[in-house]
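In what follows, a single structure is set out as C-alpha cells and then discussed.
Labels A, B, C and D are assigned to the chains in the order they are written; within every chain, residues are numbered from 1.
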Amino acid sequence: MPAASALPPEFHDIAKRVNNWGRWGPDDEIGTLNLITDDVVREAATTVRTGHRIPLALPLEQNGVQTGLIPGRVNPLHTMVQINQEIFGPGTVATSDDAVTFGLQAATHWDALTHISHSGRIYNGRPATTITAHGGAEFSGIDKPRHLVSRGVLLDVARAHGVDRLPGDHAVTPEDLAAAEELGGVTVRAGDIVLVRTGQVQLCLGGDKHAYGFPSPGLSIRTPEWFHARDVAAVANDTLTFEIFPPEVENLWLPVHALDLVEMGMLQGQNWNLEELSTACAEERRYAFWLSAMPEPFVGATGTPVAPVAVL
Amino acid sequence: MPAASALPPEFHDIAKRVNNWGRWGPDDEIGTLNLITDDVVREAATTVRTGHRIPLALPLEQNGVQTGLIPGRVNPLHTMVQINQEIFGPGTVATSDDAVTFGLQAATHWDALTHISHSGRIYNGRPATTITAHGGAEFSGIDKPRHLVSRGVLLDVARAHGVDRLPGDHAVTPEDLAAAEELGGVTVRAGDIVLVRTGQVQLCLGGDKHAYGFPSPGLSIRTPEWFHARDVAAVANDTLTFEIFPPEVENLWLPVHALDLVEMGMLQGQNWNLEELSTACAEERRYAFWLSAMPEPFVGATGTPVAPVAVL
Amino acid sequence: MPAASALPPEFHDIAKRVNNWGRWGPDDEIGTLNLITDDVVREAATTVRTGHRIPLALPLEQNGVQTGLIPGRVNPLHTMVQINQEIFGPGTVATSDDAVTFGLQAATHWDALTHISHSGRIYNGRPATTITAHGGAEFSGIDKPRHLVSRGVLLDVARAHGVDRLPGDHAVTPEDLAAAEELGGVTVRAGDIVLVRTGQVQLCLGGDKHAYGFPSPGLSIRTPEWFHARDVAAVANDTLTFEIFPPEVENLWLPVHALDLVEMGMLQGQNWNLEELSTACAEERRYAFWLSAMPEPFVGATGTPVAPVAVL
Amino acid sequence: MPAASALPPEFHDIAKRVNNWGRWGPDDEIGTLNLITDDVVREAATTVRTGHRIPLALPLEQNGVQTGLIPGRVNPLHTMVQINQEIFGPGTVATSDDAVTFGLQAATHWDALTHISHSGRIYNGRPATTITAHGGAEFSGIDKPRHLVSRGVLLDVARAHGVDRLPGDHAVTPEDLAAAEELGGVTVRAGDIVLVRTGQVQLCLGGDKHAYGFPSPGLSIRTPEWFHARDVAAVANDTLTFEIFPPEVENLWLPVHALDLVEMGMLQGQNWNLEELSTACAEERRYAFWLSAMPEPFVGATGTPVAPVAVL
C-alpha cells in the first residue's frame, strides 16, 4: 500500500499527463534515456563543426558548493594516501595515490530517477522501499544508464530575457523555453538533452554559496509537460535546486523533481556551469551541439558526479 | 636537488628520446592532451556512423576491483544518507541521497600525470614536492584537463594474436601494436586516444581479482617510443597495472608509468573494460570511433574515476 | 505490526525469561547499563591495587580485522589532510591533521542495543523502523550511554580449560563461566562488565584474519540467562562473532545477539584483546579490576570503536 | 637540516626551559605520559568517593563543532550501511551497521604530540619528515600511548574569576591557574591531567560555532612553564584553539601548541565540555577525581576523538 500523499490535485493532474510508466515496458529502469537512439546520436555527431570543447562541471573540492544546509551532502574531502612513495625501494619510481569522500550530489551532478519518490513509488511504479541502506537503489540506480551522449541544446533563458542572471523569484516557464529556442534558432526534439541557463551559478562562482542556493530561479511546475511533449531525454541547469525555490505553490515542495524523475522517468542535472557555453553559443550563433555527460556507475546510487563536455 | 635515482641507464636513454618537457611551454600542465586540437575533434566526430554506444567502465562498488594489495586504494563504500525522507513533512515528496568514499584509482580510471614521479621530478620538470597532503598536486592534478574527447582507436592485441586473452607474461610490444593496427585497418595518428586490449579484464569480470592483478600482460618498456613517435594523446588498457607486471627488467619497476606520465606527460588509463568494444569493432570492422572520457575534476587529485563511452 | 518471525519456540522461551523491556521505564534507552550505580562504581574503584594498566583494543588500521566478508564494514582508511603545513606562513609552527573513514564495528567495539532487531522490534519494544538512514538510531544509539566505567571481571574460559585457545566449535556455556569464576576466585555480581576470554583473538594477532572470523568459539545460547540472573551490565569477548559461529542450532542465526541486545538490553563488545590481561590476572591472581570502556558518542550510531583500559 | 624558523627569541627561551627531549630516553614517543606511574594511578583511584560519573565529550555528529574554517577537519558524516537487514533470510534476526568519515580532531579530542612540528622537528628531536601520507606519524602517533587514566584536576578559572565564561581576549595565566587551585583546594602534582575551564564551550553548546572558535580565551604562552614545573601529564580545556586566539604576541602563532607538544611532549585536549563537571565539583567541593581519557588507537594518527569520563 502506498503511503498517504499530501500532494494536491493540481500535481496529480499534471502527473497523469506526463506519466511514462510502462511506456518502455515493466522492466525499464532508465526512462526517457530510451529516447536517445542510434539515429539521435548519429545526428548529434553532425552538430560538431568547430571542434570547440567546453567543460560544464564545477571543481570537486572541499571548499565546494555545499553549505551544510542539506544534511549529509558533504563537499569532497580529498586526501592523499601516498605522496611520492618509493614503494619498491629507495631511488625507484615514486607513486602518489589519493582517496575521496563526498556526497554524490555535492557538485555538478545527475539525479538518478530514484533520487525522489512520492506516494510510496519511484519511476515505473516500483515501490520506494526497493531503496535500502544495504544496496541503495535496487532499480533505476545511477549505474543503470549504459551511456549518456546525445545532442545538447542550450536554452539560454537569461540571455533571451536580456539579463546576465534571472532574479531569485523567476520561475522558468514554457514560454521562456520557447523564447530561448527562438533566440537560439533551434527546435528541441526527441532525445535531446536540454540545458536551461538562468545565470544563477554566477553567485556560486563569485563565492556566495548561500545566495546561490536560495532563493533561486528555476523550472516552473509547468515545464514537465513541455519537456514531455517534446520527448526530451534529460534536462540540466545551473542552479542548486533545479526548480524555482521556494516553490510556486505553497507547501508543494519539489513538484518538478517528482514529475520529472518519478512520473516521466527523466534525468535531471544540477549545478552545471553554463557560463562559458553561453558565450560560445552566442559567438558561434549555434545552440545545438554534441554533449557527453556520462554518469559514474556507482552501483545503487541515487545520484552521481558528472563532468559534462559540450562540443560545438 | 633531485633525489638519487636507482633507475638504470636504459631507462634514462629512452627517457631522453620521449621527453616532452618544455614542448608546450614551461607552464604546461596537461602534456600530450595538447595534441587534441579542434581539428582532431572535428575529424573524430566524423567517425560516428552507426551511433552505437559502448560503455567502458567497470561498476563502482564495494565488491570491486581492489583486493587490498595496494595500500589505501579502497573500493567504493557507498552509503545512503537519506532514504525516502519526507524532508518537508508527512506525505510530501521524499528524497534519497547518498555519499561515497573510495580510492580515486580504485576502478576504471585515469592516472593524472602526477600519479608518478621519479628522481624527484614530475612532468615538465617540476619538483615532486609540489604534491602535498594539504592540497594534493599543485600542478598537473587531474582537474587540469578541461575536456577529454577525441578519436579513440582500439588496438586489439589479443584478437590480433588470435587469442581471447594474452598470457600473464606477455609484454605488449610495438610489433604487437602495429599488428593490431593492421588487423583494425587503422593508422594511429596525432591526438588519438589509444585503447590497447589484452583481454586480462576477463579475469576481473569472472570474479578472480587476485589473478586479474598479477601476473598481468601489459605494455612493454618499448611502447612509449612508439606512442611518442605517433604523438598519441593518451593510452588506456584493460589491466590493473597498465604495463607488464612483474616487469621485464629486474628491479626496474613501473618504467612505462615513469616514461608515459613523467617524461612524455601522457595520460594513462587502467581497468577499462574493452570486451564489448572488441566485439563491436570486429563486427563493424571499424577500430576508430568517437571517445568521451572526461576526468572528474577533483582538485589536486592524482587520479580520477572515469566512465568512458565509445561511439561507433 | 511486527514482521513475521522465523525464530523457533526455544528462542522465544529464553527471550521471555531474560526480557527487560519496561524494567527501567518505557523511556529507557540504555538497558542493563542502569545497573552500574554509584555504589557499584565506588566499589569498583577499590579493586585498584597495583595501578597496573592494560589496554584491550586492537590497533585501528587499514590492515585491520575486517576481511571484506561483512559488507560495508570497512577497515579504517586513515589519511593525512595536512602534513607539517606552515598555515601561518614560512618558518611558523607547522600542523598535521588527519581524517578517517571506517565501519564503526571494524575493530574493537561495542554493539549498540540497536545493532540488532528481531520480529520488527528493538530493545524496550520500540519499532525497528526507528532506525533510519536519515538519523540512524533515534533510540538506543551508542551516544545514549553517558558513561561506561565499572568493575570488570575476566572469566578466562580458555585458561580454566587448560588451553591457550578454545577450538572453533566450542560453545561457551554457563558451566564454563562458573568454572572460570572459580579459577579466578571471583563472583560475578550486579553491574559488572564481564570479559570472556576464548583465546580466539590470537589468530587475528597472528595475522590469519579469515581463521579468526570463522569458525569461532563464542557464547552459547544458554549464557544470556546466566548473565541475566547475575544482572551483568555488559559482556565483551575476544572474537569477531561474540557467540559461537556457525550457530549451535541450525538456521538460528545470532540468537545470543538477539537475546542480549534486544531482549535484555545488554551491551556486547567484540574483538577485545584479552591476552595481556589474561597474563596479568594470572600473575596477580586477581580477576576483578577497574574497567573504563567509554563509547565514542557518534549520534544515532549502532556501534562504536572503544579503547578499553583495565586497571588492576 | 631543520627548516629555517621564524619563531622569535622569547619562544626559544621558554622552549629551552621546558624541553623534555631525551628525558625518557632517545626512543621515547609518549613524553609526559611517562609521569603517570602505577603509584599515581593507585592514588587516583582513591579520589573516587561518590561514584558520580560525568562525561566530558561533545556529541560526534554532522552538525558538529567544525565550521569549515580549518581545511579538511570535517564533522562526522555518519551513514548506515545496513538497516534491519535480515542477512540470513526472511524472518531471521536483522542487523544494522554503520560507517563514519570525520576529521580526527573534529570534536572532543587529544592532539597527538605529532600534531605540531616547528623548525623541522617533532617531540624528542625527531625530524618532522617522519610524518608521511603513506603511514602518518611513524613516531609519537596517537596509537602510542598504551593507556590514559590518571588523577584529573579541574582548574575552574572562570569560576575563580566569578564569571560564567571568560571573555574572548582572556589569556589564562599561571596566576589564574594558581587561583583556581586555591578555589578548588587542590594542588596540582606530577602525573595529573589538568582540565582548565574557561566556559567558552557554552558558545558551542548554544549553537554559535563561529563565536566559539574565535576570538577565544585560552592558555597563555606563560603556562607551559607552570605545567612543566609541576610535571603535569596532560592538559585539556573547553575551547577550539586551546590557547588564546588570536595570539598574545603578534605573528607568534600557536606557541603553546609548540611548547606543549614539541618541546615538553605533553598531550593537549580540546573541545572538552567541562560545564557539568564544574557544577559537580562546586557542589561536592572536590576538584580532584579519577579521569579516564583513552585515545582511540588509530595507527599513525596525529589526533584522536576521545570520550573522557570523570569519576568523583
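Brief remarks on what is shown
Please note the rule applied: a contact is a pair of C-beta atoms (placed from the backbone, for glycine too) under 8 Å apart; a residue touches a chain by one contact, two chains touch by 3 or more.
Listed by chain with UniProt protein names: A, B, C, D = Cyclase family protein.
Keep in mind the model is a prediction, meaning the values are calculated, not measured.
Of all residue numbers used at the contact between chain A and chain D, over half are used by both chains, marking a mostly same-residue interface. Counting C-beta pairs in contact, the pair that comes out ahead of the other among A-C and C-D is C-D. One simple way to say how far apart two chains are is to compare their mean CA positions; for chain A and chain C this gives 45 Å. For the pair chain C and chain D, the distance between mean C-alpha positions equals 27 Å.
Multi-chain contact residues, meaning those touching two or more other chains, occur in chain B at positions 71-72, 74, 77, 79-83, 96, 99, 101, 132-134. Chain D meets chain B in the complex at residues 71, 77, 79-81, 83, 99, 101, 133-134. Interface of chain B with chain A (complex): residues 3-7, 37-42, 45-46, 48-55, 57-61, 70-74, 76, 78-84, 87-105, 114-118, 128-129, 131-133, 136-137, 143, 146-149, 251, 253-255, 257-258, 262, 290, 292, 294-303, 305, 307-309, 311.
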